[in-house]
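Handing you this structure, nothing more for now.
Residue numbering begins at 1 within each chain, and the chains themselves are lettered A, B, C and D in the order written.
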Amino acid sequence: MHKIILKAANICHSFGGLMALKDVDFAIKSGEIVGLIGPNGAGKTTLFNLFTGHYAPTRGEILFNNLRISGLKPYQITPLGIARTFQNIRLFGQMSVLDNVLTGQHCRTRTGLFGAIIRTRSSKKEESRAHKTAQEMLHFVNLGDKKNEYASNLSYGERRRLEIARALATDPTLLLLDEPAAGMNPQETADLIELIRQIRVKMDKTILLIEHDMKVVMGISERVAVLNYGRKIAEGTPGEVQKNEAVIKAYLGESA
Amino acid sequence: MIGPYYLQLLILIGINTIMATSLNLILGYTGQLSIGHAAFMSLGAYGSALVTLHFGFPFLVSLLCGALFAAFFGIIIGLPTLRLKGDYLAIATLGLGEIVRIVFLNLELTGGAVGLRGIPKKTTLLWVVLAVLFTVFILSRIIRSRIGRAFIAIREDETAADSMGINSTYYKTLCFGVGAFFAGLGGGLFAHYMRYLNPNSFGFMRSIEHLCMVVLGGLGNMWGAFIGATILTVTPELLRTVADLRLLIYGAVLVLMMRVRPQGLLGQPLRNGIPLLGRFFQQARPKL
Amino acid sequence: MKSRKRTMFVAAAAVLCLVLLAAIAGCAPKEPANGGDETTEIKIGMVGPLSGDAAAYGINILRAAEIAIEEANASGELGDITLKIISEDTEGDWAKAANAFTKLIDVDGVSVIIGGVLSSESEAGSDIVKDAAIPTISPSSTSVDLTKGNPYLFRNCLSDEVQAVQLAEFAVEELGMGKFAILFTKNDYGESLRDAFKNKAEELAEVVAVESFMDKDNDFKAQITKIKEKNPDCLYIAGYYTEAAKIAQQAQQAGMDIQLLGADGLCNVVFLEVGEDAVEGTYATSGFYPDDPMTAVQDFVKAYKDKHGEEPDMFAAQGYDAARIVIEAIKSKGTTSEQIREGIAATADFPGITGKTSLDEEGDTIKDVLILKVENGKFVRVR
Amino acid sequence: MFIQQLINGLILGSTYALIALGYTMVYGIIELINFAHGEIYMFGAFVGLILVTVFKVPFILAFLLAMAAGALLGITVEYLAYRPLRQSSRLAALISAIGASIFLSNLALLIMGAQPYTFPSPFDATVYRTSLFVISKVEIIVLASSILLMIALTLFVQRTKVGKAMRATAQDKDTASLMGININRIITITFAIGSALGAAAGVMVGVYFRTVTPTMGLMPGLKGFVAAVIGGIGNIPGAMFGGIALGIAEVMGAAYISSQYRDAVAFALLIIVLLLKPSGLLGRTAQEKV
């Protein structure tokens, strides 16, 4: 019923002879929450980087809303509606929390050099609209009262949430979260799960997340894909994947 | 009444403030280490001086021509080199700066090594003050806008900036263009104050001087650039009383200042042990 | 709390800046200290590179000028007038020379200036001294037309034109040279010499190669190899002594048997020390010959050697003469800047240690060009 | 003429390589453009000169002592100007390096005066002539010594325990210190070796070009760094290679383009190399990790 918004076909990617991804097919439907799991080094983040344009695939094609995006640069892909967070949180540390989120609005605003200097009516209007959106995003992730802090002064959990807010500010249709629960305590994790649900319900986003914490993945994903050694070894509902032998073997290792 | 010497110092402080603020945009806000600022200054200086000498345009028009000339070259030069990062960009801009100097040294039009004489004196303190205010005003407006946020985002984390939809090549080039424009403006004021130009004053030591002003004052701070420019313009003059020891002390002052306040007088202190500009040096660099 | 700390820093730094500014203002004497009771003190400024690459030239001139002034003060030739020299460093940068000129005039209240040393320094100071009406005599800025149109700027060194032309004539007529090569340093000095020499040499004979180098370069083999291809019989080096000596050495090593010529920039013992046998037979124009038997020359050489332990070079001699011209001007016309200017402008047949010097109406020097030759590791006068 | 110009470039290049070796070592460890390296080179030349002319020390001994003195100065500069800034931004360290460089060259000017000193040549002026080119004994010695130093340095870094510790430190300081490597000690040793090489370069170049002055370090220091970057900074054979590439480019530029644009050709080479292969001719490229 829902249409496919992201489709990757026969993706291969190698780093100087080392195959990181081999013939991966992957598709996400609008409105889904999809989990991407796999052991360390399976190629999950590489797949993310291909979707967001940080790498160009060695072979294969990626379509987003039927538009070929493989080979485009990140700054070209983001405006099309894909946003991401990073495994090793990459905030703009020496910027205020609010400015971090405002940066997310960059691709939704137009003011050029002239407008910035003269502060034309349209640029002022645009700026105040961006501020409003940014404030909303901050309230949404519950950081409204920290907007004037430096991003590097936030706690770990707050930084994760700020990164999500910043990604949401680019107004994406597809949100990619790279290990959002890594390093969080159980309370923070529970809050995060709730936040991700809210993102889909209230903001109507499609979400793809990489996560090691099975509670998170199995708790919120409607569909889970498993990568191992650069290949997709399984895909299905959380229940199906948990019973899949290849997956069990991949996680427990050959020796088990 | 203020004497000519102090007037001259004030004018030089003003010109150096323009140089430092414009470099600050490139280095402090956008995080691109450029050691070729003197080249932009010389482009503006020669550009405006030649326009004045050959076409007799009004001062303001000559200044603008010089600045635009510098900006044009800033962009031409910036485009290919801006792919480079950190120290590599630094050394490339240094090399480009030297090339510009050598070209000026060999051009017939610019008087070559003998220099360009007879530039009319048009720069006054009023002009300089206006130019400083203009520079600071424009740069502050840029910094406090969407464009400024893009600059800072690139400084903080280019990869993350990219994924915010910021075209970092475009913004880095823009930043070089704007920085070169104001450096050219400073150069034009300088030329019409000194009434003589010779390429030898625009070597890499001059660029280093600008760099020191920005770092000393504090990166990414408008006031910092002004304060750095003032201190480094005035200190060597103050030290004239100690004659022989002048540059000896100057060198020691630089070392000590960095020891006492490595982030510069008005710079942001380091957070969590991550150096302010640590990240943009993070290009994969082959080791021994 | 953070913002308060920040504000404090802004304030502290701003205060620091103001203090610095106030301090320089404070250093300034409120008025020129010219109104002494019994003795009148005249301040003489000196502008030149005392540090940096060109420091050797500036320091030698300063030392010699100091000797001239000490002598004048000691001998009492100026009656109750005492002279005081105040030197300012330019680091060899003309932009900083502008500061030095202005500071000497405005803060120290000098009546007359000796300098700049490099042509670019004098160029940068030209308008400053004109506006302030302070007579200025450069002992070593040789660039063409420097003093033209500026009644306050003089020089007592040979202009590049005169020495290059005379040497070209000498080489063709006396030495019978026919194929010239020119190697010039890429600065105002080298370029002016090159232009003058090339024009004259082309008129009289043939110029087969013109190559350049940068000040403080060490390696000239590329240029020498190129020149050697053209097979000239004579190489004119338009540069200073250190580089010229290295050129001579490297040319010798390359197997070039060539007559070397040069200008006054060569006349320093370093040329002989570094060049050793490679510089034997070199002809150079000069204004100064340290072995001149004239007593004034020998007295100066002795005084300089006693004080600084080395033989004075051409720069030192020019500096000494510049100071002497200023002293004579004060003696003949008076102590105000305008009187000194008149005195300097009127200089005619001044018996300097660099030869009989007169100044023309443009403030340029007219004096005989000496031609020296290196024989057995010493400069010998041939004309 | 071409062969002769090639030889000219090779010899000039090996003088740059001598300086670049020390530069590249220091950069490899602490990633700092050690601006004071040119001054250490100058200092080495002066120490060698004084030992030879005043104390009549045999040349080889003077050479070694100059290296030792250079090492000492390098350690001192590191201790006073760089170590306190280890945790600060690298720009602060860069400014500190510039300050140290200005300080040292002006100190030398104050003590030694501005007039160039002549370095008496310990080698006879034998010149070997062939039909194609001319080369002197000193030139052969300069070339040979730069090659020997490069080989010795490579062996040291590859084979010895300290060398391995250096490489580990260069890769990752934190991990290296977890492995029980004393980082401060390694950095000190690196500065000592790098500076000793700088001083050795100073003596060799002093002997070759015959003069020593307080400001002699500035331009060669810059060229040395450029050479190191061209070759691939942090890479020892790269420094040698970059130096020679730079020397040949300069000479060929002077020979076939214009001697007026000689330095411009050298810098143009630098920029072209950086654009085509940012990690230098012999450097390895690594993809940035996201």
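Please note the rule applied: contacts are C-beta pairs under 8 Å (C-beta built on N, C-alpha and C of every residue); 3 or more make two chains touch, one makes a residue touch a chain.
Remember, it's a predicted structure, so these values are computed and weren't measured experimentally.
Chemist: Ranking chain pairs by contacts, what comes out on top?
Modeler: Comparing chain pairs, contacts are most numerous for B-D.
Chemist: Which chain has its C-alpha centre farthest away from the C-alpha centre of chain B?
Modeler: The chain lying farthest from chain B is A.
Chemist: Which one chain sits nearest the middle, judging by mean Cα positions?
Modeler: Taking the mean of all protein C-alpha atoms as reference, the closest chain is B.
Chemist: Counting in whole Å, what is the centre-to-centre distance of chain C and chain D, each centre being its mean C-alpha position?
Modeler: 34
Chemist: Just how far, in Å, is the C-alpha centre of chain D from the one of chain A?
Modeler: Distance between chain centres, rounded to whole Å: 48 Å.
Chemist: So, what's the distance in Å between the C-alpha centres of chain C and chain B?
Modeler: One centre to the other, that is 33 Å.
Chemist: How big is the gap, in whole Å, between where the Cα atoms of chain A centre and where those of chain B centre?
Modeler: 39
Chemist: Which residues does chain B have that touch at least 2 chains other than itself?
Modeler: Where chain B meets two or more other chains at a single residue, that happens at 105-106, 159, 244, 246-247, 276.
Chemist: Can you pull out the residues of chain A that are in contact with at least two other chains?
Modeler: Only 54, 86 qualify.
Chemist: Listing for chain C: what residues touch at least two other chains?
Modeler: 51, 186
Chemist: Could you list, by residue number, the parts of chain D that touch chain C in their complex?
Modeler: It is residues 1, 4-5, 8-9, 11-12, 15, 106, 109, 113-116, 118, 125, 127, 129, 134, 136, 205, 209-211, 213-216, 218-220, 250-252, 254-255, 259-260, 262-263 of chain D that touch chain C.
Chemist: Tell me, which parts of chain B touch chain A in their complex?
Modeler: It comes out as residues 138, 141-142, 145-150, 152-153, 155-157, 159-168, 174, 178, 220, 268, 271-272, 274, 276.
Chemist: Can you check the complex and tell me which residues of chain C touch chain B?
Modeler: 6, 9-10, 12-14, 16-17, 20-21, 23-25, 27-28, 50-51, 87-89, 91, 93-96, 98-99, 102-103, 105-107, 119-120, 123-124, 126-127, 132, 143-144, 186-188, 190-192
Chemist: Quick check on the complex: what are the chain D residues that touch chain B?
Modeler: Of all residues in chain D, those touching chain B are 25, 28-29, 31, 33, 80-81, 84-85, 87-96, 98-104, 106-107, 110, 157, 166-167, 170-171, 222, 225-226, 229, 232-236, 260-261, 263-264, 267-268, 270-271, 274-275, 278-280, 283-290.
Chemist: Flag every residue of chain C that touches chain D in the complex, lowest number first.
Modeler: For chain C paired with chain D, touching residues are 51-53, 55-56, 58-60, 186, 211-214, 216, 218-219, 221-223, 225-226, 229, 242, 245-246, 249, 253-255, 270, 273-274, 310.
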